[in-house]
């Protein structure tokens, strides 16, 4: 998620929602410019918010399948049997890079930064009679939340009690912000707990179904998935527990071409497809845009509800800003998805180089 | 490589070597404490150095196999045929994480830093009637040169002309520092040019051959490799072009247990095994320590000569600070090595989560 | 303050204090090694803490002198009359640098970092027929909390309600963490609100009174101040409202000589001298060590109580890691203290180059 | 200087200038959009450049006044006599902040960044029975080259020999890039060598002379200075050796109002006023824009020639992005300028909070 989208969306701040009439918001989001950085995220919400969060009137923990102590979520699907099953799909030996190149000109949200520096020229040397010289690089960035990004379980929570009460900000398996939120890394739910993904991936090319790039706020439905499967000669029964589901909206074409539009919202899945994913036992979702889900949500009261349902409640991972160009060109919709997050202790996500192998 | 080892090694600075007698240095390095950060790397070398670098009396470019325009080096071995051949080794479906967790307490060399911060608590929210909150993380580090690190082709060069002349600092395929050394990322040879690795890996457990952890300055020989293969029921003919070779020295046991000793030097391969790797067509080397090669080199005049021979001249990649504990416990010495570098434009290497699959 | 001292001090965590007997702690702190970075600061305190913080049983806001809306605290003393009065002390025209050089080898607490990189060499150029080249530098650090540091009013608060409730973490003038704690800078009480200091400074050389460097945990008393004044031919009546008070303990001699000891605790003022400062109307305190106050406090239950009393409750600024060597060598104990913080929006303090002019 | 302006100015790259005809460039710069970050600064210049840099046909070192070993440049004017002379101008006791607030929304050039993060909320605590909590901040930025910036002597050099030869990139007093350009801080000419400024400042309000904001590429002449002095009732003889000269162009009004225009070029002084400054013995120049000098220079072949003449050759400091609003409102054109750079070892400049005192 690039929740920084929400900065400047005064109308979506929960205290405001409680104060004013919710239907006031209905027309609020679409087309709104992103006031990137204009507002400090997490700004004060002085008013106590009495009612429960929409969609979360009771605790979602402990996780029914992975148990109360689990911190790995849906990466637990990655068993030897799963790997062997997935490996059967390696038939061509072709490796597709489905992540994007990281660079400072990428679309970045709000205050997020990506700053790379080469110290010196060279960084060191020459040393020895062999006169070796070397370069390093220094990178300062929201490493798990810029560019092609793999969202971990510590990224998304839900404020269950009053605003500002960290013991009532709840994450996957009920962990509270008070427990996990250290200054130098998350004390729990860091990305280092995620097991490497080596699983079957299914790509739904909704752009092809629609015949054009989807637009901001356009929701992918289960009917769309079925249309894509038919078009792609895939069976719904192909989708097994522990598989990964990827959605191509066409919106990724804007990457570094029209960053402003790319950041202004996006097409993507909504709560209907999220439920379908949960029912199927999907381990990971992914898309060619920055949140996988539709933004703004058609229900204007809700901010990134799919993130809450999938990551926070179900422990299902999410891979954003992917690039399916090569797969689509070759009409490869089913493949082995391989991604092993960089185990950065206490990070909310991971950078990396995801691949699809056929 | 963690060339920062060289800081404070006045006796290894090339100008000094030319001035003074080379054999003066013979006793110089072993046991020397690492004066981390004490000297600015790349410090001035005022004297012109007339003679050619040891071992590099003529240009090594263009690359005989990959051609003059190549920037991908030995990752070019990663062809569909190679992937299919490697995939045959997936029999158990077991995935081993062979990288280490990244954290600030890792052994780091000289001035290299690893600083992770969680902005706010939460970083943003609550937003929407669903009251979503989220965390990001901000990481500032030598991303490709701290912790488990994958050395790219822009990391290592050789000063061919006089010190300080960037047009005579030469890298893989002859690219000069003047061409590649931008302030905001390498203009050429950045890690984004490296193709994902999906190849056969062979682990040589030299610690087991020796019966104990190898020590600083102890060189792994070809005879050691052969002893390991015999012990492990491997054939030298198993090693094919495009495969990866990993060396376990036992030195990795010191990781975060005795960082000072870990940084003070290391056992590893020397020029003999480097030549063996080149002859075999090895695409990547790796080890459980920080440079793969022995430090200090038994030839005290030389600073990281294996880096120069393999990375700079041959374009062979190197993966450092790996952890083979799980593989060795299961006596798995042959596996599929999968690593897809994060394509950070202009970076010298990559962080990530390498895996071995059996 | 370098509160990171508190990391690893399990016995000082407030929840523990409430659980266990307070006198258990009496022997706990002195001589304890600083487990720098070993624990995540701000770790979870699951237990609710019923009782009020020691010394803060009722709100300290609004500020009696500066009023409820004030965010500038004791820098409000900086009036034209004050400047003119101070300027009378410029008699020699001598300028003393009383701050230290910033570098990565400085003593730094816990996870705080100071990392400087020079991008490229040069960073840019040559450009134009005049062939200009240039260098920049890239610095990543806790800018207001490393090296010579000027503590602002957003640095220190007191948890008034239960742990983790940000609406009950109170800062100067009652501002809560919920109001001020943004991810990208403090929304209130940032250092940009502090007016430049140009005031009379009084240096109390307690090291000279004691005849030697003071030691960890040794408290400066009001009697010590009076002994210093007598020794230095100063009158207590010289100290006027809006003046600055500096304390030399000798502990600064350890700077970059023995960083471990320097970080292990320190001599300094306690609550008695803090009260004296408040009574005198002191606008700023400062010392040759890292917190101005004695650490550990002789009352082992208390963690940095002087910070709470002076910064948080009174809005009195604090300048740490100063160097009075030049002033003492010249026997200059009274001078114009000039420091204008870098107005970094939302920062907790400031770096800079404080001077004393005589 | 914000030399990043030069990125994308292909026509100003010295190799190009040598290749093509210089007068080709005459029409090149004005109105050109700043392709910020589009090109890597310091990119390769393969061609050898035979001729000497324009305006630098012979070495400018050693400095005729400060001598061959000097690294403090014009801050050497800061003597006790100078301080006493300046202090006479403190008559009102009024302190003007003439620097700007630092924040990420400031105009920044090219790849330069300003990223502030608050780690945690709080960063640490509660600790002790007194339940202290605290905030830190983490800032990553080109600390001496963003916002209100004080250019040090290590910032600007001239390529005297062939491009890429660091031993012929010359800085103040002839220091070469090979000597000074470490990866972790400049080995020589770092800002820590600059003595604190406490001197007489003269403000020339050229905007008032012109009756409107000056425009991009408009040069301030000596005649303009004289017109300003007449208007402001100042005498040219008031300007003494070691004084500071400030120029108000009005361009600072664009700050955070129209960052694109602000960055596109600027009005300022040219070589004529630079010579006047040298003749007068000016110790420091400053302006309400980002380079003090006119950009582009009316001689289109030249890139920031005033920087080369004043900083590099003369060792005269330069303070950029100042704000004279308060002084002008009060018609205060002569004052004490006080600025003590943060002594960041090896930095090219300094952030801070400059003041004018009347």
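To keep things simple, chains are lettered A, B, C and D as they appear, and every chain counts its residues starting from 1.
Simple rule for what comes next: a contact is a pair of C-beta atoms (placed from the backbone, for glycine too) under 8 Å apart; a residue touches a chain by one contact, two chains touch by 3 or more.
Keep in mind that this is a model prediction, so the values were computed, not measured.
Visitor: Taking all residue numbers used at the subunit A/subunit D interface, answer same if over half belong to both copies and different if under half do.
Guide: The interface of subunit A with subunit D is built from mostly shared positions.
Visitor: Quick check: more C-beta contact pairs in A-C or B-C?
Guide: Between B-C and A-C, contacts are more numerous in A-C.
Visitor: Hey, how far is the Cα centre of subunit A from the one of subunit C, in Å?
Guide: 41
Visitor: Averaged over CA atoms, how far is the centre of subunit B from the centre of subunit C? Could you give it in whole Å?
Guide: Computed value for the inter-centroid distance: 43 Å.
Visitor: Subunit B: which residues touch two or more other chains?
Guide: 37, 41-42, 45, 104, 111, 113, 115, 117-124, 136, 138, 140, 163, 166, 177, 181-185 - these are the residues of subunit B that touch more than one other chain.
Visitor: When you draw the chains as points and link the ones that touch, which shape shows up: line, ring, star, complete, or other?
Guide: complete
Visitor: Which bits of subunit A are touching subunit C when the two form their complex?
Guide: 37, 40-46, 111, 115, 117-122, 138, 140, 162-167, 176-185, 187, 346
Visitor: Touching residues of subunit D toward subunit A in the complex: what are they?
Guide: Residues 37, 42, 104-105, 111, 113, 115, 119-124, 136, 140, 181-184 of subunit D touch subunit A in their complex.
Visitor: Sort out for me which residues of subunit B touch subunit A in the complex.
Guide: These residues of subunit B touch subunit A: 1, 3-4, 6-7, 9, 12-14, 17-18, 22, 41-42, 45, 49, 53-56, 78-84, 87, 90, 92-95, 97, 99-104, 112-113, 116-118, 120-145, 154-160, 163, 166, 169, 177, 181-186, 192, 195-196, 198, 301-305, 307-308, 312, 338, 340-355, 357.
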